[in-house]
Amino acid sequence: MELLINMVLLTLLAAITIGIIRVRNLFAVVVLAGAYSFLMASVMMVLDAVDVAMTEAAVGAGISTVLALGALHLTKTEEAAPRYSAILPLFVAVGTGAMLIYGTWGLPGFGLADTPMNTGVGLDYLNRNMAETGIPNVVTAVLASYRGFDTLGEVAVIFTAGIGVLLLLKRFQREG
Amino acid sequence: MTLIQDIIANYNYWITIFLMVAGLYIVVAKSNMIKTLLGLAVFQTSVYLLYLSPGKILGGTPPILDPNFTVYSNPLPHVLILTAIVVGVATLALGLALVVRVHEAYGTIEEDEIMDVVDRDDHAG
Amino acid sequence: MRLDTILRVVSKLFIPFIFIFGLYVQLHGDFGPGGGFQAGVILAAGVILYAIIYGLNAAERAVPRALVEFLVPLGVLIFAGVGLWGIASGGNYLEYNKLIHGDAIHGQHWGVFLVEIGVLVTVASTMIAIFYAFAGRGRP
């Protein structure tokens, strides 16, 4: 059942992506991107990433949709017709995809517990966490405690991006 | 039977690759800047899937420890992707802000038309 | 959207619950899904909803622009300050074990709690500041 829900949601995700590529009205594209984010949040839910799903639902479907609509309001909502043929980009994309798909035969299957990834540091965090931090949500413990430096860097990146947007868009009062 | 097992084992990877390639195609083929940024966002979400799919363990639960459960999915990709999403929206906002400024300067958000304006200014000056 | 009665009434009902849910996600993040990043974007979404329905001026009266821009660096400073507190109490930077007189579990709880507050403040205020910047640009 888990597998079936996972596969259906992923198929819908791929269908919406085709819509995002083909539709030329940018307003429709932004709304499709919102639907894409909600579907992505559902997929993350099925993949047991509840914290990530909550963030994606609030960020992807909420805030980034609003920001993209704001940018559309300040620019224009219709994409121009393409000037060049799409053959070369399509060739590049299909070639890259074919090579990557060839690579998937070397990867471990879906949902297995004994892969190198799932027996390594992640399992270590799960085993040590309760004794060392006493916080049941391992994601919070790893985020704020074990990988605190990492998170400090991410917060600094968010801060920097915010300052950049303010510098670009804020109307500063001219003095004199 | 083994074909179906192959499909189940690799379906997440294939969709991940499809989304990644779709994002790449949008970035390369489209000249509208907002469309390009949304293509980059699709590219980015495919990376989220690439991290989260192998961390799932069938029959496991979300990594919130409870005495009633023993099998949990891998928490490490969740941590990495959680921060990546919020950083992603902050950088998307930065990109959109740049697009807004480009539109104010050139009156268009199509790369081709901007290049036309730049070429004309070069010839004029 | 100032004249749409249904949107105004429904959003007025919902916005307090969005904020309560945001605080729940923040403060319950140790025991259930949640934390500073999620709570930050939920609180920001609440403010953005208010601004969309009631107008930018009303939102700026409720959450002033200057306050938001003050909070953006404050969150980073709270986070970095917890790291310095770790050094001051005899550990490494961002080590929480020694924060509370060597009680490791207690120290971890305090460290994670404060760090998540810092994340919440920066994420929420950055998102609101970005929204104000985009919305204010369109104002004549």
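Going in written order, the chains are labelled A, B and C, and every chain counts its residues from 1.
We adopt the following convention: a contact is a pair of C-beta atoms (placed from the backbone, for glycine too) under 8 Å apart; a residue touches a chain by one contact, two chains touch by 3 or more.
Only a predicted model underlies this, so the values are computations on that prediction, with no experimental measurement involved.
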Check: Which of the chain pairs holds the record for C-beta pairs in contact?
Finding: A-B
Item checked: Innermost chain, where centres are averages of C-alpha coordinates -> A
Margin query: Centroid from C-alpha atoms only, then distance subunit A to subunit B, rounded to Å. What do you get?
Written below: 5
Notebook entry, point to check: Quick one: subunit A and subunit C, Cα centre-to-centre, how many Å?
Noted result: 21
Item checked: Centroid distance [mean C-alpha coordinates] between subunit C and subunit B, Å -> 25
Margin query: Residues of subunit B that contact two or more other chains, please.
Written below: 62, 64, 82-83, 85-86, 89-90, 93, 96-97, 100
Item checked: Residue list for subunit C, restricted to those that touch at least two other chains -> 31-33, 35, 37, 41, 123, 126-127, 130, 133-134, 137
Check: Residues of subunit A that touch two or more other chains: which are they?
Finding: 50-51, 55, 59, 63, 67, 70-71, 74, 136-137, 139, 143, 151, 158, 161-162, 165, 168-169
Item checked: Sites on subunit B touched by subunit C in the complex -> 62, 64, 82-83, 85-86, 89-90, 93, 96-97, 100
Check: Which residues, counting only subunit B, touch subunit A once they are in their complex?
Finding: 8-15, 17-22, 24-26, 28-32, 34-35, 38-39, 41-42, 45, 48-49, 52-58, 60-66, 71-79, 81-94, 96-101, 103, 108-110, 112-113
Check: For subunit C, which residues count as touching subunit A in their complex?
Finding: 25, 29-38, 41-42, 44-45, 48, 52, 69, 72-73, 75-76, 79-80, 83, 93-94, 96, 104-105, 108-109, 111-112, 115-116, 118-119, 122-123, 125-127, 129-131, 133-138
Next item on the list: Within their complex, state which residues of subunit A touch subunit B.
Entry: 2-3, 6-7, 10-11, 13-14, 17-18, 20-21, 26, 29-30, 33, 36-37, 40, 43-44, 47-52, 55-56, 59-60, 63-64, 67-68, 70-72, 74-76, 79-80, 82-83, 86, 89-90, 92-94, 96-97, 100-101, 104-105, 107-113, 115, 117-118, 121-123, 125-126, 129-130, 136-139, 142-143, 147, 150-151, 154, 157-158, 161-162, 164-165, 168-169
Check: For the complex, which residues does subunit C have touching subunit B?
Finding: 31-33, 35, 37, 40-41, 123, 126-127, 130, 133-134, 137
